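Naming follows writing order (A, B, C and D), and every chain is counted from residue 1.
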């Protein structure tokens, strides 16, 4: 058994974080810090490219930012006033150095670097066309499609080539490009993935989340808007709108699970959103109990909200071991629930003889949940009531989460009653879809034009998904994607 | 700047964890898991020795247990039904592989392995005598003194030699030895360091803390008693008492900071102790406020207790980045408080415009505290009130914490008023010493015979400290150690 | 100082070796052995690609074949009955993993791998055109130009695309391609670089030299002919002639220095050629003396020939240290001639009081030679007479040797008398150009149509050299390249 | 199959080289170079200790000197004017870092480092006594016994303690110690292992062989004499004689195989000795033939001597591949003699149709020889006559060669006729024992008091061999060791 299994087991994973600095001496050092603050968006690999007016420099490595980018030797090599970086959790493409972004190409116009958070939904089709024409792909990433589209565009300027390229792609993307002139940033027309603009001294910063502005003390200017393309050069910031107006539909999973709680996305605090979710959960499905216990760490804000709403005391009934590496052996068949115990231990002092509300952020396959419940019961809990801080996940997702696991989604296979039994709890309740929207400050979901991209819960897909039409063909008719255009 | 500085900066560090299994096939795999659960007691290095009836096997490595011991290849090599292991934070001796325990010696009677949590207070004196006599030391650790005392003892049996050795040493120790017969465990006469006995299937387990029994599902039998020596062989467990009766004086810092909250030491839940400390803090020093915010992660249980006692809501006002490696560059002088931001970020949504109670477990040098306060203020807090979940630390400590830092102890240099100003808070309060004892369920401290070893707060030293007499000679007369015997 | 300097110092370097096996289970294991036998042609890096009917596998590494390709794990991953490999000494492009061959591309028709011994003389011009068109280059190697030419060819078949590509390139090349059908091998129209065809059990082998057939016991079939393209599939070997007939002009430096002495190129034993060169040297320039001493190891066969012709005894007067790594410090300015002493030591017993004939294969910058002479004199030699087993090198070379060093060629800067003084010998003599041709079994050089490519000695260039016209423009008029076509 | 097998296969291995410098700034850099020149005496590991008047520094590593000691960073750390170093081929003790010398101990008198070329013959017995007394051994090396003898000696001075120690040990040793005062060097009473004294500028050098003086340009002063102890301090060199006079009996295998040909041992050139051996071989056992071919590289000097004496031309009929790493796979059962082909290839041009004299330095197990003969025949040789440049090896050896292989000695199992058939040659001849002594400039062996230690050929052991009495008990009575004292 490996912890990779554990990781994949009962959580969906965010794919990537992106970060750019232009106009500050030592840009790459700032990018290193920004990527460190975005580490939760991808721990497999990281890369940084910089430009000093003469040459492009790059460093890419498998593993954490802090382990690979924080030595003086590395930072000194990444010279220049302009830099972009990327931290990766693989969504497409194997884990190998050639799949670490930013990608780089020597175009006729000069060096061009590119990195991307999100997932394209027609990259396979475009790739086939490009290969036919003689383009040679070096990676298995969808991002490389954008690079070749830029390289083969017949537009005169690099910005023109980038616009050419993004007008051919579908899906979710927060995109950062670097040229000799500066940085180009694009957020997809629906704004599915977040992207923010900030200022640090005389330079500009673009980042996936505001927490990555905070780490360097950069000032938040505004969210990059859906469908907006921003060009940052020595002359300042220029904004372009290469797409027709499209409704903003940010991925609601950013609020539920992906983003860091100290980030603010499109004006809404992630921490407050989660606490509100916890409150909605308590309003919708409270049950008499003695303690509210979060599944750490992602369940904590919702549990605090639940506790505040219900008045039941919040307690650390499960303690997390933070020293968890990537893999661990299974030493003995007799040790039950080992996997979960490598990360968590029940805190008997809190649980023994108690009626426990267990709050988790989501339920994917359920395999970890059932082990946690077993552990909580073994510690002496009298009753265990599981409260999930999101609706049931029943649909595949194509915008940046590992889709291959979706067939094992518990909620797509079982009824609520079956799930309750499978996980072994006394009661199980999910947040309702409208409850989720209420936690976001709305009255409920606008089913005609949903205010968020909520595909995993509803099967609604805001973009064309050419590469995946067959995948959604397998789900029941009523679950099929409703295309926007 | 390195994170080592950060680590050392404003926290005291526990030194080591020890773990033994005897009588279970695949003992080393269980020890690996046990050490993983004790990782908080030392992250610098780890080592395991095992014995299979024929040969001793060992593996030692710098770094985390999960990174170095969890591959099948490593575990397969550590054959046998008997095994001891150690996880290390250096207190004496540089960080180098030769300083990683368990130590091993081929005695005339056969192989002998040894590991140790704690710190001896007369090891230098004994070492000098042994070198004079021709003993060759391979490490700079105090633990090696015990090994040579055992090797040169004229007793006939290994147990006899071990007793010979421990009767010559002073200080704090939870000691595990392994011979061809089995495991020998010793807790120092005052019981300063914790040690527990458990059972897993047909085998016995000895561990620094109960959380390390939990991870493998071992059953807790009892604490090893102060001054007790336990011999575990294939015939079972035998208990000996090689010392005259001595009052139990467990290190109170185990409850305040060192141990994991899910552990139970000498019958008292660490989590409950910390919550009670938070409650005492609120009783002693509450002030009107809007939110109670812990400095994560160690301040969380006390903050929960404080919130429950005071009724002020508990909120995650500071978010921790869990992906922190060992070192990180300081990229720019202009980035203020970077060090602390690598680990923490202020959660503006919680802090802005609020009167904040900040709860931390202890105050050592204050350097991190002042940066956190600055960060909290920058996020818009209207008032900041720091509450420390332990009394002021004013005295050196010789039983397992890095003593070299003690001269920089804030509370030894400044008055409360000065500290308040230095840290930049609106108010600062520490737990009183009697409050600390009340949180432990007592009426207060028995100054004639303190119920715990509380040297850092009181300068009371329960053992002889031959190597350090001069060190305490420098502190004012009233602070000098009061010896027990 | 580094040994790289030493290496580059007084020797020209061969650039690469190539090896292919088709039609034998475990092809990659055979390629590994073949590359090991070709290690003298390039020690910087090596790579192997294989195909098993389903997938392409590849492994590339900086360093020696034996250090990186001989583990069971590596070989097991390189599955299949078809495989090509490459061992590299960089001629163009920095030393980095992305510059290690074989290159690979997913063409529309399927996987395509490519590796190359030699150097193109118009790659920069073609590269510029390809980039303009949208091709993205991943390496700095001239070889990648061929890959993009193949990818963008509008021919229908891969063989057709390869022919398209080679008809656009100039220079020297022994080229190996691998497709799903099998292996394609090409030797440039002049046959500048060697390439041989062999048979091993039911499979075919293509290799740079015959010594790499010997290592696996493969049977030598014939040299691939200049301008020949060979297609090896499961149906057997097919030969094509995509070029007009061109005179064969094998690089004569293969005989003098590059190839292994146990190889046979175009019907002539390299060892015999070198011995004959030594004999011609003795005929042309003998002087009375006591011992013939080779500069090891490359001067040994010529010294044996010299000794046999002259009757002066052959002795190991210089001993070579075979344990030389890549770099070594210069510990002290006072140690004279250290560089050369890391590799060589004078054998006083042979040299003291003797008149010494020192035989070396070539004279490039002379820096090593003068240190060796000094060392020989310090060991007590009475007279030192240097005999060089090749003519003076006075011209740049564009077909596979590091050209950047050519400006420092001693023979281009000094007269014979000046060189004699500079190196510090009592006499210095080179082989004459006609003597070199006589040693090859000819009556002399045919100046109208030279029988070998001998550019470094004569400035004659058998191919167009579009990228380098300016370089040769700097040499005196009489030294300028005479183009063939 | 691994190349280790190849290495062990048909050669005996030297064990170690030692080197010391005292009185020169940057002593460790000189030691690095010296060890590089002694690399042929041990390639498994190397270590250096230095002293700068304040502290001892050390660096030890598995692998070659050039790979591990030549970086500026390593050399800069090894500060000081005094340094000793060691290069190791394991004779006793597994290959592990703890078994890499120099060993180091903090004695009461200060730091003490020690390294050793040779093998003790009573170390096991002494070790048992020391362990009984309480000494803890950290390695499995016999050398550590000396360290503990020094540490436990009751003499007042370190020199006195060293003398105490060497008077208790038996066997062969060239010993270097370093203290705060300087360097102590000892050669065993019989002078079995070589050791020389030199001068470099103001400092002194001690080395296993003269070739290691040459590399830094140090001046040879004299051989350290058998039984001599030399103390080198800032005051100069002092010589002591702690043993009764003992006949000098240098290991004759140093001349035959171990030492580098450019070294001079006890006044005799190793190269000349080998050439003389070749001449004696030709005198004793010549046969009509066309070419004399050495098995490279060790057979070359004897083959030159043979050729000069017999008049048959010397030719490189076997070409050696110098790029051989440690291990290599066996890719296919069908490839015969692969092992030998990784290192050697037959040079057909020289062998085809010829009557070949093959000269090798020694015959151990014969496994490599028979493969080389097969390879030579496959290349077309008409006749193959093997001439061995030493007598048959029939006895175990205890002074520094891996003894465990001795049971597989071909000459101990077969008659000359059987060996001839086994190896597959037309004739086989060894040098006679008296021929060997004649080659050394003597009239023959003095059987009453042999002039050299020649145990492998005669079973004569010049020292007591307490640990090995039982081993020699198994050989026939007439072969048993004749002790000297």
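Throughout what follows, contacts are C-beta pairs under 8 Å (C-beta built on N, C-alpha and C of every residue); 3 or more make two chains touch, one makes a residue touch a chain.
Note that the coordinates shown come from a computational prediction; the quantities given were computed from them, not determined experimentally.
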Notebook entry, point to check: Which chains, if any, touch subunit B and subunit D both?
Noted result: none
Check: Just how far, in Å, is the C-alpha centre of subunit B from the one of subunit A?
Finding: 37
Check: Any idea how many Å lie between the Cα centroids of subunit B and subunit C?
Finding: 63
Next item on the list: Could you list the positions in subunit D whose residues touch two or more of the other chains?
Entry: none
Item checked: Complete list of chain pairs which touch one another -> A-B, A-C, B-D, C-D
Check: Given the complex with subunit C, which residues does subunit A contribute to the contact?
Finding: 105-108, 131-138, 147-148, 151-153
Note to self: Which stretch or stretches of subunit A touch subunit B in the complex?
What the structure shows: 26, 29-30, 32-33, 36-37, 39-40, 43, 64-67, 70-72, 75, 201, 211, 214-217, 260-262, 264, 269, 271-272, 297, 300-301, 304, 308, 313-316, 319, 321-329, 331-332, 334-336, 338, 341-342, 345-350
